[in-house]
Structure formats: structure tokens, C-alpha cells
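Heads up: the structure comes next, in C-alpha cells.
Per-chain residue numbering starts at 1, and chain names A, B, C, D, E and F are given in the order in which the chains are listed.
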Amino acid sequence: MITYALLFAFGCFGIGLLFNLWRIATGPDTADRILALDTMVINIIALLILYGIWRGTAVYYEASMLIAMVGFVSTVAYCRFVLRGDIIE
Amino acid sequence: MSHWIIAPVVLPAVLAPIIAFVMRHDIGLARAASFAGTIALAAICIGLTVAAAGGETVSYELGNWPAPFGIVLVLDRLSAVMLLLTSMLALIVLVHAVATGWDARGRHFHALFQFQLMGICGAFLTGDAFNLFVFFEVLLIASYGLMIHGGGRVRLQAGLQYVVMNLAGSTLFLFALGTLYAATGTLNIADLAEKVRALPVEDAALVRSAAIMLMIVFAVKAALFPVQFWLPGTYSNAPAPVAALFAIMTKVGAYAIIRVHSVVFGPDVPVLAGLPGTWLMPAAIVTLAIGAIGVLGARRLMPLLSFSVVGSMGTMMIAVAAFTPEATSAALYYLVHSTFSAAALFLLADLVVSRRETGDLLKAQMPTVQNGLFAALFFAGAIGMAGMPPLSGFLGKLLILDAMRTTPEMTIAFVAILVGSLLTIVGFARAGSILFWKSTAMEPVEIDPAADAVDPEAPQAAGVLQVVPTFAALALLAGLAAFAGPVSAYLNAASGQLFDSSGYVEAVLGQDAEG
Amino acid sequence: MTNGGGLLPIIALLPFLGALIPGIMIRAGRNACAAFTAVPTIVALAMLATMTPQVMAGEVLTAQITWLPQLGLSASFFLDGLGLMFAFMILGVGLLITLYARFYLSGEDPMGQFYTYLLLFQGAMLGIVISDNILLLLIFWELTSLSSFLLIGYWKHLPEGRQGARMALAVTGSGGLAMIAGMLILGNIAGSYNLTDILQQGDAIRASDWYLPALILILLGAFTKSAQFPFHFWLPHAMAAPTPVSAYLHSATMVKAGVFLMARMWPVLAGTDAWFYIVSITGLVTMVLGALIALFKDDLKALLAFSTVSHLGLLTMLLGFGTEKAAIAAVFHIINHLTFKAALFMTAGIVDHETHTRDIKRLGGLAKFMPITALIGTVAALSMAGIPLFNGFLSKELMLEEAAHTAWYDNHWVVPALATLGALLSVAYSLRFIFHVFAGPARDDYPAKPHDPPFGMYAAPALLCVLVVLIGVMPALATPVVKMAANAVTGTELSFYLKIWHGVTPALIMSIIAVVGGAILLGLHRPLERVWNAAPRPEAKAIFDALMAAAVGLSTRVTEGLHNGAISRYLAIFVAATVAMTWVAFSGGTLSPSTREFLPVAPVAAIGWVLLMAATVLVVFNHRNRFRALVLIGIIGLMISGGFVYLSAPDLALTQISVETVTIMLLLLALHFLPKTTPSESSAGLRLRDGAIAIAAGVGVAALSMAFLMRDFDTISEYHLANSYEGGGGTNVVNVILVDFRGYDTFGEIIVLGIAGLTIFALMEALLNGPASRRLRNTDYSQDRSRDRHPLMMVVATRAMLPIAVMVGVYIFLRGHNQPGGGFVAGLVISIALLMQYMASGFGWTQTRQRFEYHSMIGWGVLVAGITGAAAWLGGAPFLTSIYGYIKLPWIEKFGLGSAFMFDLGVFLTVLGAVMLMLYSLSRIARYAGETVNIEPMDYDPSLKPELKKPEEG
Amino acid sequence: MELVTEILISFFLVVAGVFGLVGSLGMVKLKDTMQRLHAPTKATTVGVGGVLVASMLYFLLVKGTFSFHELLITLFLFLTAPISANFIAKTFIQGHLRAENLPASEGEYGWSIYDDPPTVDETTEENA
Amino acid sequence: MLKRIFPHPLLSLTLVVVWLALVNKVTPGNFVLAVLLGIAIPFLTAPYWPGRPIIKRPLRVIEYVFIVLWDIIVANFQVAAIILFRRNQNIRSQWVTVPLDLTSPEAITVLAGTITMTPGTVSAMLSADSSAILVHCLHTDDPEGVRDDIKKRYEWRLKEIFQ
Amino acid sequence: MELLVASSVGVLTAGGVYLILRLRAFPVILGLALLSYAVNIFLFSTGRLLVNAPPVLNKYGDAVNTDPLPQALVLTAIVISFGMTAVLVMIALGAFLEADHDKIDMTDEPEAEAMGEERGA
């Protein structure tokens, strides 16, 4: 049962990624793209953890943690660029 | 196992950060350290050259891991010669950089200089294909830093082009290494040599691709057609001592071709069927033509010198492309020669150009200070570069021609080299005549009434220390000619050792080769 | 290895060593300089004299010093009759020229330079004639080209001097290069580069297939040097040199080098039809043509120059005949020509020196003012004309005799007729020299008042004239010398006697015709000159100049067309060439059948693939909007990290995503100052081309990777997997490879990063101290911006996150050896954490709280790594050998500690330092962009200053 | 017991999947950028949260190892998601709205992207 | 002195927990290491923490966390419902200004975060003097209600915790 | 899976090549970034593809591990290309600030004066 649930979850987050891609491709606004990228990061984190469950190992955990941390930083950097131009002032 | 083998890498690698963070506010201290390091490096390299003269190929297993699994350094005559050449050149360039104050025109010159040496030495010593890539990158990134040393619009733009070209080259390098690894499962040069030779002929496609890609990568560094385009812009706009130091950089590419395409992809490898040589030869000839035509057609001095470097690479690579021990030995002699003659010319050009109002434009102007001295030096440098006697270029050319007599490409090689020489001679004669002779015909425009006051902007006479490096480089050329016999004997032995790839394999892999 | 020739190397070397003397002595005065310049010449002459008896006796003296045995090049010298004769000529005339030049050169000319060049030239010339090794001969040969270049261009302020020098260099240089090829081929045939060996193998060489190419190439060298048609044109232009130079190089020595070479090679190369026709035709044509032009030259030196061309043609023709008698005549004429022509040049120089003009039209009647000079000139000119009792007559008789017996393609009258014509013209111009310069009515419009020069100046030509007359009257005097040389040329023992009267021979008749005809021709000179001037004729210099200009122009166009500074084109060529060449290489081999199955594709992987593809394509199509492209690049990085995780490379995923982030921040920082969009510049055609190249490259790479992905292979990494734990003390094999198996790579890699940091810092310094900083100050980057710099929420969040992120970094660092992670990722994580702080609270505030200097961090990192590696030396192990051990603390479980840990620490420090230094340097620009720095951690802290409210609305 | 475990874990996984999907669907469906901002900030956090809970439960109940490092990711996400949303909102507002389009701040100062912060009496604007 | 070694005791504690979570294994060795790091890292990062956030009523924190968690779950269902079942033209989005009584930056941050995570609201921005939050409601007919809700449910509690 | 990886490498390469042939520095930088992605995947895939077999040894040593060597090489390559990119970005920025445009070609040779009149001869 867990297997099917996992597959379902994989499917959901995977399709979610495609939705995000659609938003990134079409925009229309910069904010939309950043938002879609941010969402994508979150979906990827979820997928990685799912993958960890699927394989029953914690080897991939650091990757998702790092992506969580780094995704935030890049989102903020993108936004700051649009807002202030200079991301470090 | 002597640890001295790694000294040429570790010494600058340790010295450079110390210069960077301890002495970065004190240029005097940095100069002293840099000098001390370079002199020590030269001493070590002399020692290694003497040690390698015995003919033993010494391998040094880093991290004490057996040969194909860890990284090895390999010292044979060829690498020893290249090291010696590097350290000599470095010393000359360093004196010039300090004497002319180039090193103080930007930050971190000495640290980058030492790193550059480290990269070059590492590339010459390594016995591992991927490690070669790493050290290529070390020397390249240091060269980027040196190239843009001091800044300025044109230099930055030229530096940008240089970096882009080399990044593209590095990318190709990785593609090539990947293909090679995918085909053979190893990275050690000796191991590759063995595996590539053992490869069944029906499985040749990957290795052939890798060999050609690697050749192109090295050709980028060696400035061979059709990837020579970056060189004139780079050398013309680099700070003079850096351009002089870059004289060795093209040789790194040539060295890599000599090493890799002799040991690993040598003419005796069945799957390749001599492919590298077949393609290198036309490339070298066209390179020579481009260089010679460039020398003849240059409007400025620095591009002229740059094209002469291109031409000299072409000349040298013609011999390399023959892939015979005799020709390689000749190529090595020419390599040593062209390094110093290029260095001499670039250093001299710096002294001249910085004193001319019109810069390096080939245009007559009022004779600058020390016109006669510079003219004489230029004459000597041009003789060296164009391959006229009595300097070593002529002997180098004769050696190459002599070695080419027995190859099928004899006629075309002869024509290319000789016609190329002619164009180079005429081009240099034109340039020298305009720069140094024609200027003497210029009448002083009018005497400034206030000429009594010394014009602070007026070019200063070059001090002894500023001229010494150029002299030294030229003296080395003369010495190279005078002692051509012993030098050539060493190089002959070096290329003999090089073409004995089974000896190389045995020295590196030893008894482990069975495992 | 010497055979009586021990002095030869010293003789060859003397002039070169002597070349240093003038430079030193010039300070002692002009007389001292000249005197000392003569010393090496005199010494060499003396040495030569000691060897003369042996050579006269038919011995060949040799000396050999090993130089470059690999090439077959040795410093070997030999002295035979021919060499000895030439050596005497070179040194003897050299001595005379030294004397003459002392008086000729004006006070403003740098005499030291002159003598230095002269001695260099003399040495080179001497080297040619005594070289036993053809490669050595080539070296001296080229040296004569170079030193004559310097001598011709001695008056560098004169454009004719510079141009003449360059023309001479170009022509003789190219000939020299051809000769190199010829000599190498010759050596190849003979199996040796030693002349003595080659001279033994004449028959074998003439029979070789390579004979003709070798002959032509060598003759090219000889003809250019000896100014043979059609290469004769450089010689008159070389007359821009000071007259001593002309007298030396262009009468006595250098131009004779070609003749010498032909004489030297005579036993080997002569005797074939090819030799006969090529050499004799060239010689005859040159002789007639040179004489014809000489007749109409108004410049004294030009007249002499073309007469020299003519005489050289004569010599060439004689050598071309290939008979022994012709060789004798040639040798004899070499001596005679030397004597009278050198004297004539010096005379011309005296005339020029005294009257300040060389234009024949402005001269005439000088005999009254300068009788001595006139006498000398007349004697020499009569000899040149071939008037009996002067030596020129004797050798010309011999020449005509030979010509009379020579047939071309069975035609028996062409050669004698043309030879006679040449002689006739020669008489005409010689007489013209006498009558139009010295004879005739005295004039009063000379540019300067002429009078005889001091003794020192006319001593040298006078001496030569004495020789002219002596030989002319008593040819027996010259017989031994001629015999000696001729023996050497022909390689056989000849017996003959030189005498004035041979009876009435065809030669005598031809001679008479020539003299009478010449006199008549001179009488008709004025009308003939009008015809000559009216006749169209190609001007060699104009052609040469046009050719050169065209060559230079073409080269410039080719070069600038090729190297036009367009890196985009360079790259296109690079990529296209790579794809094409790799394709050819690939398709030239075969592939074994595939051995691997396709790995099944998980749907999620497929989705990731779609995203990756789409993002890449979007980047390409959106690249003009730079910011958007950057956002899209973010997706690519994310997908690749995910892919790495999926394909069992967690370490790569960690590194990829963190590097990605830092890179993007870097690009954003830079983009702030760059234009935000890329204009559309390339044409549709160009885009199509680039697209085609790109697709080709993509398909190629994809095909290549498919090729190996479907095939198994054996790899050395089995060893790494097997030994990672036992030998390297870690379970994360990738990390163990990085810090242990291939720690040396990593060492290089962190150095790359360190250099990157330093370079960026250095560049920034240069920029901020240069004009760029002014531009930065004057550009307003602040339009349309949000007003909050350091938003409160962000500041608070990062404050909370910083310690946790640092903790994560430490964690990733510590576990790296056994689990995915390591120093590199840890360094990046901590830099990202710090960057977050910079972004939130700003550069100013964060920087003041920075405890460690980034430079030092890089330095320490590299040092720690290096010292860790070097520490292995203490144990006698190679660099980077790792030590590994377990430490057990009470009530805490054991943990492993190894030197690899220290190495990783070095990596960590370098990465942290380098990344921070890069971003620090970049963000420093902002300060110069006129932006103020807020030193408060956040824009406004409501809790600290609640009472501070804006006093009133503005 | 096993069944309960499986059901529990599966439940979390399915819920997580549904919310994750809905969050991303909102990205596509909603018509206005500010509206779209709502979808992922909420839905996906629960999506990821569900996955994390499932993971913890899985390792605890199936693998028998106590695992709570998933909490750290949760912590990160909860800490960062509002900030990201805040920034994205500001990005949008700055590009598309003017101060007049928004309700007044009802204080002395306007909204932070339009109005400079109060200057503190000490000099805040100087080079460090 | 103690303050220099332990600049932020609460932080040290948090870090110990974080470390144990990272290692995902509680052993004596790990604990010792955690404590060492828990001391070292605050010490190193102290310069970036100019002030100490004061939490006056730690117990209230727990209450607050649970309320928020519950609200998040509810919010998710609400938003999901809106996304899935409400037609786009029927969604009525509104801007709401929420004046603040809080002055502690930490408190304001937490409040803004809470607003973002809870039903249909996103905190878009603060006023320049941090005296008000601009909130965007995904769908509401009653802006004043939303504002009052926020003030009553969250701000009041936060005020007790932090001030 | 192999096809996916190979096509990814191909498309990234193609995109990268197209971008490095543009005339401005920034797209060239992007192109080089794409190329470095491509080459990283390429190099990585030389170890052949394997799912769920990270080269991390477990206590029992029974697991299948993928080839670790290419991964180590890629790590080195990533780091190096990061350093290179950083320098490139800086130089591009420097060139822009000095020249006031970010054209990457240097075809506008300023004041390219004709050679001296002694062009021929």
C-alpha cells in the first residue's frame, strides 16, 4: 500500500513540477517566475524525501536539506535583484 | 623515492599564499620572497635536470597509492627540460617585472606569478591525464589574473576573449577526458598507453574521438590553426612581462601533444593508425603560414611579435607532427629556442613601446632615448625569432629541416618553413627599419623654448636592471647555439626516452602493471 | 681534429672578436679606432700567410671542432687554393677599406658602428670561403646577408639606405633560404654535410633524382647573392651604402660569394646540361644586360654597380661553361675584377667626397683639379674596358676565347656574338667613366671645389692600380695564384701559363671589335641616351616595391580579415572544426556491439528530463532578457542536482546545488551593473549558422555519450571501492578519492579557487582605481527601486538561520569522509549562510563584524592542505600520503581521525575564503557606484527607538 | 499493526500529494499573481510537511530507526516560506502597483517600498 | 564572563537539538560534540546577534504553535477548496491594512509569518516604520473581520510572549 | 534512461554552443555555464548509469556501488568551472565598466592608423 501511496505522491509532485514549468515559461511577470521556481524547489524537496522513503535510505536527506536552505537564498536573491538591483548593499 | 620531484609544485604553491596574505601590503617583501622562490625553483629544476640525465624515468606516487589508481608524477628528461626552461624564463621575466615596476601596477602580481609557475611545473610533471587538466586550469586561471594585471579597457576586453576561448577549450578537454575514461576506464597516462594499445581495432571509434579532441584542446593552447585566433590579441595586450611568460604557455600545449600523442596515441597504436600526425601536419603548416603572413602584414609591433610566436609554433609543430624521435628532438630544441626568443622580444618591446609616444604603432617618430641600444637588441631578437644565424633559431630550423628530410611531407615542410622564414625576415626588417632607423630621419619639430626644464613626462633611459633580462634571454639564445651539441644530445636522449613508451609504462606501473 | 689547419678556426673567429674592438676603441678617437680595427685583419692575414706555402704546394688544410653532431654540423674548416685566394682577397681588401673608410666617413657618422659591422661582415665572408661544412657555410652565408643589411642601411636617415638594405636582405635572404633547402638535399644525397666528402661524390650526386632540385635551389642562392638576372636589381640600390661598403661588398667580396659557391661546387654540380644551360645563359644575359644599363647610368656608383652586375654575369657564364679553361679564366677574372673594381669604387667615392656629387652630368674635366685621382680612375677603368697592358684585358681575352668555342644547342654564333656585345658595352661604359668624369673641359659649377684628397684616401686605390698594371704587364706573376685556385675549383692538376700575346685568335678579333665598337658607341652616347630614355623599360625597383607593397597589403588584409577580433567567429570556427574533426575520427573507427541494457525510465525522471530540456530551450530563446535567463538557469541547476541524486551521486547533487546558488548570486551582483537585456545584433543568417553549429555539436556529444553508455568497461575504480575503507579510512568513496586517492587534484582545485579569489580582488582594485570608478560614480543605478534595503523580517529570519546554517555546514564537513558531504560543500554552505547575512543586513554592517580576513583564509587553506600533504615527508612517505587512526575517548564511542581531515579542512577554508572574497570584491563596487552604506542591521528597528518618529511630514 | 502503519503512512503520503498538486495547480489556474502567491506558500508547505511526517513515520515504524532530522527541513521551510512570499509579493507590487492602488498604512509612514524608513538621529548613512 | 562564553543560551540549546537532529542519532559522543558546537557556534556568530530576543512566557509559545499549526491545516483546506472549486471570476481578493501594536522585530516577523501561513492571507509588506502590515486576502468579503481576527488571534498572544 | 541522459547532454551542449556564439559577454557567460553543466553530466555518465547505488560503502559491503571515480572528477570539474566562471564574470564586468558596452568582439579597432608610408620596399 505504501508503494502505491508513494507512487501517487510521486505523480502529484511530478505533475506539480510540470505546472510550475508552465508558469515559468509563460510568466507573465517576473514575480510569477520567481514564485514558480520557489515552488519547484519545494516540490523537488518533497520528491527527494519521497525517493528516500522509496529506497529506504537517508543518504539523500542532506541534498533535500541543502536545497531547502539554498532555494530560499536564491529566491531572495532574485527578488532583491528586482527590488533593489544590488543584492548586497 | 626522492621527494624533490614534487618540489617544483609545492614550493610555489606554498610560497604564493604566504605572499598573498602575509606580504600583500609590502611589495618589497613580496619581491624578495618571489625572487627567493624563483631562484630556489631554478636550483631545484637544475638538480632535476641533472638527475634525469641518467635516463631513468622516475615516478612519484602521490599519497603512496600504486600507479594507475593514485596520481603519479613522472620525471624524465623531457619534463626536466621543460621545468628548467620554465624556471629560467621565470627568473628573467621576474627581473623585468620588478625592474620596470610592472609588478606594482596591480595587486597580487607575485602571488599569481608563483601560482602560474606552480601550474606550469605541475603540468609538466604529471603522469595523469585528469591531473593534467587540473594543472592546465591552475596555470590558466593564474594566467587570467596576470593577463588583466593592471587593468585597462583594451586589456580587459582582450582578457575576456582569452578567458572565453580557454574556457571553451577546457570544456572540450573534459569531453575528451570523459570519452577516454569511458573507453579505457583509466586516467593514468602510462596505463592509458597500455590500454589503448591493447584495445581491439574494432573498438576504435571512442579512442579515436578522444585522441582528436585532446589534440584540439592542446592545439588551442599551442595556438595551432584553426584555433590560434586567441593568441595575437592576448599576447599583444597582456602586460609585457606576462606576455614574455606566456612564451612558455604555448609550449605547454605543445608539450602535451608531444607527451600524450607520443606515449598514449603514438604512431604505433593500431586503433589510431597515425591519425594525429596526419592532421597535425597541415594544421602546423597553415599555422606557420598565418604567423608569417601576420608578421609581414602587422601594423603594430605587439601583434607582429605575437604572430611571430604563432609562426614559431607552426614551425615547431611541423616537426612534432612527424612523430619521429629525430623530429621531436629537433622540435624540442626549437621549443627551447623560441621560448627565449619570444621572451626577449616581448621584454624588449615593453622597454621600447613604453618610451614611444605612438606606442607600438609601426610608425616613425622622433627617436626615443637609447635608440641605438634598443635597435641592436631588436636586431638580435629578430634574428633569433626569424631563425637567422648566429643565434639558435637557425640551428633549430636546420635541425627541423634535417629531420623532415626523411618524411613524406618533406617538400611541403621545406617550402613552408623556408618561405615562412623569408616572410618573417622581411616583416621584421620592415618593422625594425621603421621603428629604429626611420625615426632617425625625423627632424626635431621645433625646439621648445622651455626645453631647459626637464620634461617629467619624457621617457627615462632604461636602467641596467631593465635591460638585463632582455640581454639574458638573448645570451641564452647564443649559449643555446654555442652549446648546441650537448643540448641537442640531451634532447635527443629525451625524445628517445619519450618514444620508448614501454619503458615509460614500465617505469610508472612497474610490477603492479600485472595487477 | 686538425690537419695543419689549426689556425683556421681562429682566423674565422678573429673578425667576430675584433668586432667588439671598435665599440670600445671609439672613445679613444677615430684614428685609434681605425688602427685597432685593422689589427685582427692583419693578424689573420699573417696567420694565413704562414699556411700559404702548404696550400700552394697543393695541400688541403683542415680543422674540425665538434658542434652539433646530431645534425652533422661541425665547425670544420678547410683551406685549399680557392679558399686561400678568396681569404686573401677578403682580408686584403678589408684592410684597404679600413684605411679608406677612416678618411671617407664624416665626423658625424658613428664610426665605431661602421667598423663593427665591417668586421662582422668580413668574418662572415671569411667563414664562407673556409667552411668545410655546408651547414656552417650556410650560417656564414646568412651572416653576410645580415651584416650587409646593416652596412647598406648604415645611413639610416636616408630612405634609399633603408630601402636598399631591406631589398638586399629580402633578395639575398630568400636566395639563402632556397640554398638551405638545396644544401640539405645535397647533404641527403651525399650522406654527409662535409664539403670534403661531398666533393668526392660528384658522380653520385649528378646521377641522383634529387640533383636537379638541389642544383636549382643552390643556384638560386648563388644567383641572388651574385646579383644575376633576374635578381640583379638589388645591387644598384645597395649603393646607397657608404662608398667603402660598396667597394668592399659589391665589388670584391659579397657579390663574389655566389661566384665562389659556384666555383666551390663546380666539381660536384658542373658538367651536366642543366648546369651548362642554366648557369651560362643566366651569366651571359646578366653580362649583356648589366653592361647595357651601366652605359646609361648617370650616377657614378650606379654605373659601377651595373658594371659589376655585368662582370658577375661574365664570371657566372664562365663557370657555366664547365670547361677547365673557362674555370681558369673565371678565377683569373675574379682577381682582376677585384683590383680594378675596388679601385674604381674608391675613386668614385673620392669624386663624390670632393665634389659632393656623383652625377656624371655635373662632372667632367676633373683631371685638372684632381690629377692623382684621375690617373687612378683612368687606369682602373681601362682595365675594366679590357685594354691591353692592364689586367682586365688578359682575363677578358680568356673569356672571349672560351666564348668563341661554346655552342648553345649547336648554335655556334650566339655566344660569341653576345659575349662580344657585352665586351663592347663594357668598353663603352668604361670609357664613359674616363671621358665624362675626368676628361673634357674643366667646369666651374661643381657643387664643391674639387681637389685631390689626402694621401690616406687615395693610397688604397692607388695600391690596387699598381696591381692592375703589374698583372697586366707581367701576367706570370699571377700564374701561381690562379693555378692554385683553379686547381681547387676543378679538382684537377692544371698546367697553363698566363701571357699577354696569344697570337691572332678569334678572341683578339672580338676584342678589337669590342674596343672599336665601344669607342664608337661612346661617341654616339648622346643620341643613344635619348633613345634609351624614350624606350619603355621595366623599373626593377618599382616592380619590387609594388610587389612588396602588394604582399604587405595582402598580408595585412588576410591577417586582419582572419584575426578580426571577433571571438564569436573564432569560437564558431573552433566548435565547427572540433565537431567535424571528431566526427571524422569517430567514423574512421568502428564500435563493438552494445553490451548494456537500457535502464528503465521512472516517470519522475522523465518529468525531470522534460523540465531540463524545456528550461534549456527557454534559456536559449529568452537569453535576451538576462534576468529571466538567470531564473531559468536556476531550474537547470535544480534539475541536474535532482538527476544526480537519482543516479546515485549525492555528493554531486550537494555540490551542484550550492555552487549553482553562489554562481547565480555572483551573476546577479554583476548583472546589476550590466545592461539588463541583450540587443538583437546578429543577422538571421548568422543565427542560422550558429544554430546549425550548435545542433551539430549537441548531436555529436549526445551520440558520443550514447556510444559509451551502451557499453561496459573495466575501470580502475574497482580498486578505489575496495580500498577506500581499509586504505583511506572513509566509506564515502567519492570523498576518499577527493582527499586521498586523488588528493593532488583537489590540491590543484583549491588553488584554482584561491587564484580566482585573488584575481577578482586584484581586478577590483584595478577597476576602482581606474576610470571605471568615475563612470560608476556618475551612473545612477537607483531608478525605480524599492525603498527598503534591509527589511526587518529578512533580518530577523537570517539571524535565526545563521547559526543553524553554520551548524549544518559543520555537520556536512565532519561527516564528509563517510557520508555525502565534505570540505567543499561545507565551505559553500557556510558562505551561503554568510551571504544571507550580507543580503539581509547589508554589506557595511556585516563587514564590520567580519572577524577573519578572506585573504588569510585562502592562504591558510592552501597552507593547511599543503602542509598536511608535506607532513607525510616526515614519515618518508610521498606527498599527500594519509595517516588514519581511531581515537577512543572514555565513555564516548571511538571516532576516526585522519590526515585527510586536515586536508579537507584546508579545502574548506580555501573555499570559504575564496567565495567570500569574490562576493566581497563584487559588492564593493556598489560603494563606488555612489551608493551609501547603511551600518544599521535593519532599516528601522521599532523596538529600539520607538520614541523616534518623523517630526513632521515633509 | 502493520496495516495500521501502512494506512497511516499512506494517508500522509496521499494527503501530501494532493496538497502538493493543488498548490501547483493553483499556480496555473489562478489568474492574478497575488492570488497565485497564496497557493504554494500554503499548500505546498503542507505537502512537504506531509511527506516529512510520512518519512519520519516510515523510518520509525517500518525501518525501526528513530529519525527526526526531517524536522529540520520543516523548520527551515517554516522559517523561510513567509520571507520568500513576502519578497515575491513586494517584487510584484513594485512592478505593478502604485501607492495609490493600495490601502493606506494608517500610520505616519507609507509602505516600505515607497517610503524611506524613519531616520534615526545618529547618522545612519555613512561609509562603514 | 558567562555572557561571553554563552552569549545566547537559548540558541545554544537549540543548536544542540539541531545537531542531534542532523546526526539523527543520540549517543554520548554526539551529545558531547553537540554541546561543544552549541557553545562554539554562538560564540563565533555572536557579532551577528546584536541583541537577545527575550521570550517572557515560554509556555505561551507552545500554545501559539499549536494554534498556528491547526490554522495552517485549516488554511490548506480552504485554499485548496478555493483553488479547486471556485471559479476565477468569483474569487474576490482584497488588500487589508493591519496596524500593529507590536514593536519587537522578532514578534513582528513571527506575526507576518503566521499571517502568510494561515487562512487565505499573505503578508505582503510592512510600513516603513513597521507600524502596520499590508495583508493580501485571497478571498474575503469582510476585510475588517480578517484584520480583527489577526489582531485577536495572533498579535495579542505574541505581545504576551515577547513584551 | 541512457537516452534521456544523452539527450540532456546534447541539448545543453547545443544551447551552450549557441549562446557562446552570441555577441555580448553575458550570453556567452550563460552559454559557458550551460556547457559546463553539459560536460559535468557527460563526465559523470562515463561511469555508466546506475540507480540507487551511491558510492557510499555500508557496513556489510554487499551493496552495488556505482563508479565513484567519474563523480570525483566531476566534483573537481564543478569547482574549477565555478572559479573560472567567477573570474570570467568579473572580467566581463570590468570590461563593461571600462568600455561602456559589453560587446565581446573587438572589431572596432580604434584609430587604426595606416602604416607608415614605408609600407612597401
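The working rule: contacts are C-beta pairs under 8 Å (C-beta built on N, C-alpha and C of every residue); 3 or more make two chains touch, one makes a residue touch a chain.
Which chain is which protein? Per UniProt: A = Multicomponent K+:H+ antiporter subunit F; B = Multicomponent K+:H+ antiporter subunit D; C = Multicomponent K+:H+ antiporter subunit A; D = Multicomponent K+:H+ antiporter subunit G; E = Multicomponent K+:H+ antiporter subunit E; F = Multicomponent K+:H+ antiporter subunit C.
Small disclaimer: the values here were computed from a predicted structure and weren't measured.
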Each chain counted as touching subunit A and subunit B at once
C, F
Third chains touching both subunit F and subunit D
A, C
Starting from the Cα centroid of subunit F, hunt down the chain whose centroid lies farthest away.
E
Taking each chain's C-alpha mean as its centre, the one farthest from subunit C
E
Centroid from C-alpha atoms only, then distance subunit C to subunit F, rounded to Å. What do you get?
35
Approximate Å spacing (C-alpha centroids) for the pair subunit B, subunit D
57
So, in whole Å, the Cα centroid of subunit A is separated from that of subunit F by 25
Gap in Å, rounded to a whole number, between the CA centres of subunit F and subunit E:
42
Could you tell me which residues belong to subunit D and also touch two or more other chains?
18, 25, 37, 45, 67, 69, 72, 76, 79-80, 82-83, 86-87, 89-90, 94, 108-109, 112-118
Each of the following residues of subunit C touches two or more other chains, namely 159, 162, 166, 548, 552-553, 556, 565, 567, 571, 575, 630, 646, 650, 671, 701, 704, 708, 713, 715-717, 720, 741-742, 745, 749, 752, 755-756, 759, 763, 766-767, 770-772, 786-788, 791, 793-794, 797, 801, 804, 808, 819-820, 843, 922, 933-934, 939-940, 949-950
Of all residues in subunit A, which are in touch with two or more distinct other chains?
10-11, 13, 15, 17, 30, 34, 58-59, 65, 69, 76, 80, 82-83
Residue ranges of subunit A in contact with subunit F within the complex
55, 57, 59
Contact set on subunit D toward subunit C in their complex
72, 75-76, 79-80, 82-83, 86-87, 90, 94, 108-109, 112-118, 120-121, 124-128
Taking the touch rule as given, give the residues of subunit A at its contact with subunit C in the complex, in rising order.
10-11, 13-15, 17-18, 21, 24-25, 30, 33-34, 37, 40-41, 44, 47-48, 51, 59-60, 62-63, 65-67, 69-71, 73-74, 76-78, 80-89
List of subunit D residues in touch with subunit A within their complex:
6-7, 9-11, 13-14, 16-18, 20-21, 23-25, 27-28, 33, 36-37, 40, 44-45, 47-48, 51-52, 54-55, 58-59, 62-63, 67, 69-70, 72-73, 76-77, 80, 83-84, 87-92, 94-96, 113
Looking at the complex, which residues from subunit A come into contact with subunit D?
1-2, 4-6, 8-13, 15-17, 19-20, 22-23, 29-32, 34-36, 38-39, 42-43, 45-46, 49-50, 52-53, 56, 58, 61, 64-65, 68-69, 72, 75-76, 79-80, 82-83
